[in-house]
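A, B, C and D label the chains in the order they appear, each numbered from 1.
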Amino acid sequence: MLRTVVISQTLLEVGQQPNGEPAQVPVITVEGAPGGPNVYLQANLHGAEIQGNAVLAAFLELCRAQRPKGTFTLVPMANPIGINQKSGEFTLGRFDPISGENWNRQYHFSNADLDAFCQAHLNSDETTIAAAFRERLRAQIAQRQASPWGLKTGQTMALRLQQLALEADIVLDLHTGPISDRHLYVPEYARARAHHFNIPLNILMPSDFGGALDEAHFSPWWQLSQRFAELGRTLEVLVDAFTLELGPQEHLDPAQAGRDALGIGRYLEVMGCWPEGTHQVEEEIQHACQLADYKALYSPCGGQIEYLAPLGQPVKAGVPVARIWHYERLGQDKPMFTEVSLPCDAIPVLHFASANVQEGTELYKFLTHTFAL
Amino acid sequence: MLRTVVISQTLLEVGQQPNGEPAQVPVITVEGAPGGPNVYLQANLHGAEIQGNAVLAAFLELCRAQRPKGTFTLVPMANPIGINQKSGEFTLGRFDPISGENWNRQYHFSNADLDAFCQAHLNSDETTIAAAFRERLRAQIAQRQASPWGLKTGQTMALRLQQLALEADIVLDLHTGPISDRHLYVPEYARARAHHFNIPLNILMPSDFGGALDEAHFSPWWQLSQRFAELGRTLEVLVDAFTLELGPQEHLDPAQAGRDALGIGRYLEVMGCWPEGTHQVEEEIQHACQLADYKALYSPCGGQIEYLAPLGQPVKAGVPVARIWHYERLGQDKPMFTEVSLPCDAIPVLHFASANVQEGTELYKFLTHTFAL
Amino acid sequence: MLRTVVISQTLLEVGQQPNGEPAQVPVITVEGAPGGPNVYLQANLHGAEIQGNAVLAAFLELCRAQRPKGTFTLVPMANPIGINQKSGEFTLGRFDPISGENWNRQYHFSNADLDAFCQAHLNSDETTIAAAFRERLRAQIAQRQASPWGLKTGQTMALRLQQLALEADIVLDLHTGPISDRHLYVPEYARARAHHFNIPLNILMPSDFGGALDEAHFSPWWQLSQRFAELGRTLEVLVDAFTLELGPQEHLDPAQAGRDALGIGRYLEVMGCWPEGTHQVEEEIQHACQLADYKALYSPCGGQIEYLAPLGQPVKAGVPVARIWHYERLGQDKPMFTEVSLPCDAIPVLHFASANVQEGTELYKFLTHTFAL
Amino acid sequence: MLRTVVISQTLLEVGQQPNGEPAQVPVITVEGAPGGPNVYLQANLHGAEIQGNAVLAAFLELCRAQRPKGTFTLVPMANPIGINQKSGEFTLGRFDPISGENWNRQYHFSNADLDAFCQAHLNSDETTIAAAFRERLRAQIAQRQASPWGLKTGQTMALRLQQLALEADIVLDLHTGPISDRHLYVPEYARARAHHFNIPLNILMPSDFGGALDEAHFSPWWQLSQRFAELGRTLEVLVDAFTLELGPQEHLDPAQAGRDALGIGRYLEVMGCWPEGTHQVEEEIQHACQLADYKALYSPCGGQIEYLAPLGQPVKAGVPVARIWHYERLGQDKPMFTEVSLPCDAIPVLHFASANVQEGTELYKFLTHTFAL
């Protein structure tokens, strides 16, 4: 029996540049032992969010160290257009520079005819349902790709990635924030498993579709589960999908990447890829809140920002979290700064990457009404 | 009795720049004779779309030439942040350069509690309903502005403009396309009046909300009308709102602006602002299609574009509309270009402003399944 | 004897993208009959200036139609980073988006030790001098490439292109203006040959180095000629180099490209590549001025521009060339526009690509104190 | 006698935006006691470099705490166009977004007719020379501003600032680096005074003009001194000018700003503004090198960067300063990273602000061949 893991790489074309160069994405396949899930891990769909690549590299080492069960597809450097798009010194990789559309809001989802599907499979077994439902997802994407009117740049890329991802039982999409602590988006139904990732800040999401990769993968299966339930049939949500935000953008921290790979490994132990206890992590305190309680704070005025509230540390209502300086008032008798505080207790998750802001710039995001995960 | 029209200007603050400068918008009020509607005209919310300002200038001359009935609010240069935002030689004014969000998708709309409102006013007269409904819209916006978490830059601007616009019976939002023929977005219920604008290409829209200024103004009143109809009460849609796309961006054509001001004048004659026949225009042939038949064509590959289909002129299915050159193939044996044609007959409305495109770039937009307006 | 021309393509790496993709440039070699010059033609170093590629394609057809004497190196799509760099709808390919440095100002030039070279070759024959001088240029570039501190992105690209170009006797660099008539930069010493290109507007340059490709090639040879002259030895300038600006950016016009290829063909007839009279062009009127008389007009204020002076047509001193509208004054009593005129007669060569400008934006460029070429 | 310092603010127009808004800069005047120098302090000419404003605010407090001798002009927020220009989350304020030209390379300098000036004033006293030379500088700038062809946006701004600065005996221009330790550009002739600023890293410059504000002010006076010396007359350089780079861009650190204001205060003690010993600073170790030894390191390939060398700490030749990761190689057998080291010992001054780079991106800048200041 084969004891060592087999790792291979191919290239996926996800678009074409004006100069004819293909936009290519490396796709790494890890063939583990039989009996485990199909796992899809993607990183760097937003061009500046490079840390996830380091996490994938560390995760691949875990696979080499001890052969997992299952098949793993690793997609680092997922957005060649976004990664290569500079604007000033920084990477303008969050949205299409032509249209402004967020690269992570262009995946496909449709629940048309879900009712008919459920009626037809009311008495099918789980394996048959899963296979038929995947075939349906494949067909929907193929149909969109066949449009005689073509597809947008972002859709072209998203759908080619989604064709890989939809084969998986588990989808992990690795992102980062701007200046950011590590945080995790958790679909409500998967809450019990989320703490294994060992990520300190967690946002519990309803299971609807908003265009992102995680939603594009869990929403159809969650809706399938819901519709069956309405028809009196019990079917678990057969796919897990999470978005992991693993620190700040434009930054590479291989040591932290190693720790986060261990967290992913521990979550995958529970999903059957390794024996539980294979990967040891130093447990972190984990806070959570509902998505509706995950609040952005927008600047009440323009100015230069002194960020006062350290990320990850609870801050009380009414305590200043930012001081907005007005240096144009130098030599005048007006107050030199405006302080901003919150209407409730909160934990800062991330803050804006620049200290120079307009009225209405998103200064911070906070967990509010938190609880233990 | 006052025979001459009274024109005045004030400045509206719609934001604050990082250096403390207010972002200010000129607001011109034209006090016409009593008995006419309240009309709101806005231009240049997208920074590169400057032609609407020239139309407003020409329209103001019409008001000076013959005093209209009604009150007019003219808002040129509506987006100081977008107008002043350069990126290379061009104006990057279509979306917020920080977030990528389209400036014209941030208006407020909510139909919460509409049912309760209709129940409460089932037997009120039209004037009472209109006043109460406007008060409700004002209160909704004021509530959002009072959020302790602040508002995004684009929302801050949009809501301050919307506070002016919601007082109007007629809202006209002047935009342009990229390289574009003149075209008009017509809410279905206002179809009979649309031809007076004398705009050659017309898109008939369902009356739902999508975030744009026109929708933000007609949708609530259309939904009010629909809900009353369900309750057995007839109430016309009390507000008209149109988006006019008056040629190409980054371009100023005062002569055409004069003609389009006349078209607006003619539409406003029908709405009671002037005697019909006051403004003479040379009638243009007017094509229309449904919004679902207004189709974008995306490039099937990267390359350099030769745009073949003249704007405004019908093109047959299967006839090439664009030739995509592949100059990187020079000296190879491959075909030097790819031709793109359509699956159905169509009329080109606009095309992309650059000849250098990626796979998935929007090359053209077309009316299909057209009919006379 | 071989009658047909041999055409082949290779790829030149000129950089590497963040995602590891090489930045590659196609290099087409045309092996003509022996006895002619070595000719280097490059296009699209500025990303938005795509028309030169079409000229190279048309020129290659001329080579196929009748085998020329000499060796030709055609480099279309010369700047993969600039071509693929979008910013909004347009191609931000004029300067490095990180540093702002113009891609066409990074070529190598040094006249260190020129005196020693001339002394050493005072009595060498022309062929020996040319070979030794080329070897010296090769060595200078190789030395810069070998720096242990590395090279800037733009220098890396420029030097790899320059290594090809320095082997040539004739260097033609194809550019475009923004909104532009066709114009030609002519080194003073090559003035007599310039009219063969049949380009209507011409700028005569002193033969110093400013960083551009044409200068990087003619300056060393011109300085060599000058230094020898000071030492009493006559040596002609052995290299010709021109920058051709063939119309507007972001635009493709294959028909005009065909005509401009004929002009290049006619110039190359004079240089020995074809019999004179091989290529027929309809002669255009050709104006010229000195570089010091090639004047930019900067906007005296911010506003929206109505460009009044048609390109290529003489305009008199004092006649308005642009009307700058101030739509923020609508409803005020101030003048609605500022008109700009010139202090002397002139011919407009190009104007800015946007109608929305700041104080100080370059509105137009003009030939002044013109004469027939 | 007046004991308290008089502080006032006016606004200087340095341009006009497309929407008609003036681009305005606050100019603060501090009237100290008579007998001291005229001092000009400017901050934030590059839009992202906001820390200098905080230093000016802290410096103003020093003036309030103890009235200085002399007149002080403080210009915070010096570039309203650059400060308000966003591109993605960051401030694209280093160069004009239209032309790519660095805002700090557009000041005026001309040494035409310097010889005639020196001949004419060979026997004048120092006060007469200084007054006449300033008048000459004023006249040169006025002449450029009077051009019938207008001025570029950056020149318009630079010349209006320069008109204020040229009246000063001391010019301090406050900048920052990208991710940067504090460093100082020192004109060679002013070396003896530089250590008072207490800035750890120092670059000694020759006294030529390169377009920056400091050079625009010391170069003319230095050349005047040199030319007089050639004519046998001794005249000291009558103006001091320094560029201070006070940490990283996009960042505000009021505590460090306070310490740097003290350093400026201590330098100004030596120049006669306060009694020596007024301002106490904790002395830092100060390294220096010649400008020719201030070396940029460019990336030898594209990739994701792990910056290894801490800023301000000496690093040995051959020791890796950066690890460039190639995540596109994941699952291949190639090395996952490239390490870069230096050919000589060095002290890292600053590094690039992004971890995602092209071949040729400036990774670091280093002092080499250092000595104590």
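By definition in this document, a residue touches a chain if its C-beta (ideal position, glycine included) is under 8 Å from a C-beta of that chain, and two chains touch if they have at least 3 such contacts.
What you see is a predicted model; the values in this text were computed from it and never measured.
Visitor: In this assembly, which chains make contact with chain A and also with chain C?
Guide: For chain A paired with chain C, the chains in contact with each are B, D, in label order.
Visitor: Using each chain's Cα centroid, which is most distant from the centroid of chain A?
Guide: C
Visitor: Quick check: how many Å separate the C-alpha centres of chain B and chain D?
Guide: 47
Visitor: Averaged over CA atoms, how far is the centre of chain A from the centre of chain B? Could you give it in whole Å?
Guide: 35
Visitor: When the centre of a chain is set as the mean of its C-alpha atoms, what distance in Å lies between chain B and chain C?
Guide: Taking the average C-alpha coordinate of chain B and of chain C, the gap between them is 42 Å.
Visitor: Quick check on chain B: which residues sit in contact with 2+ other chains?
Guide: 17-21, 77, 83-84, 86-89, 91, 94, 98, 304, 328-329, 356, 358
Visitor: Enumerate the contact residues on chain C facing chain D in the complex.
Guide: 15-21, 23, 81, 94-96, 98-102, 148-157, 295-304, 326, 328-329, 342-343, 356-362
Visitor: Mind pulling up the chain B residues that touch chain C in the complex?
Guide: 7-9, 26, 28-29, 44, 47-48, 50, 53-54, 56-57, 60, 74, 76-77, 83-84, 86-92, 94, 178, 250-252, 254, 304-306, 325, 327-332, 336, 352-356, 358
Visitor: Per the contact definition, I'd like the list of chain A residues that touch chain C in the complex.
Guide: 17-21, 24, 77, 80, 83-89, 91, 97-98
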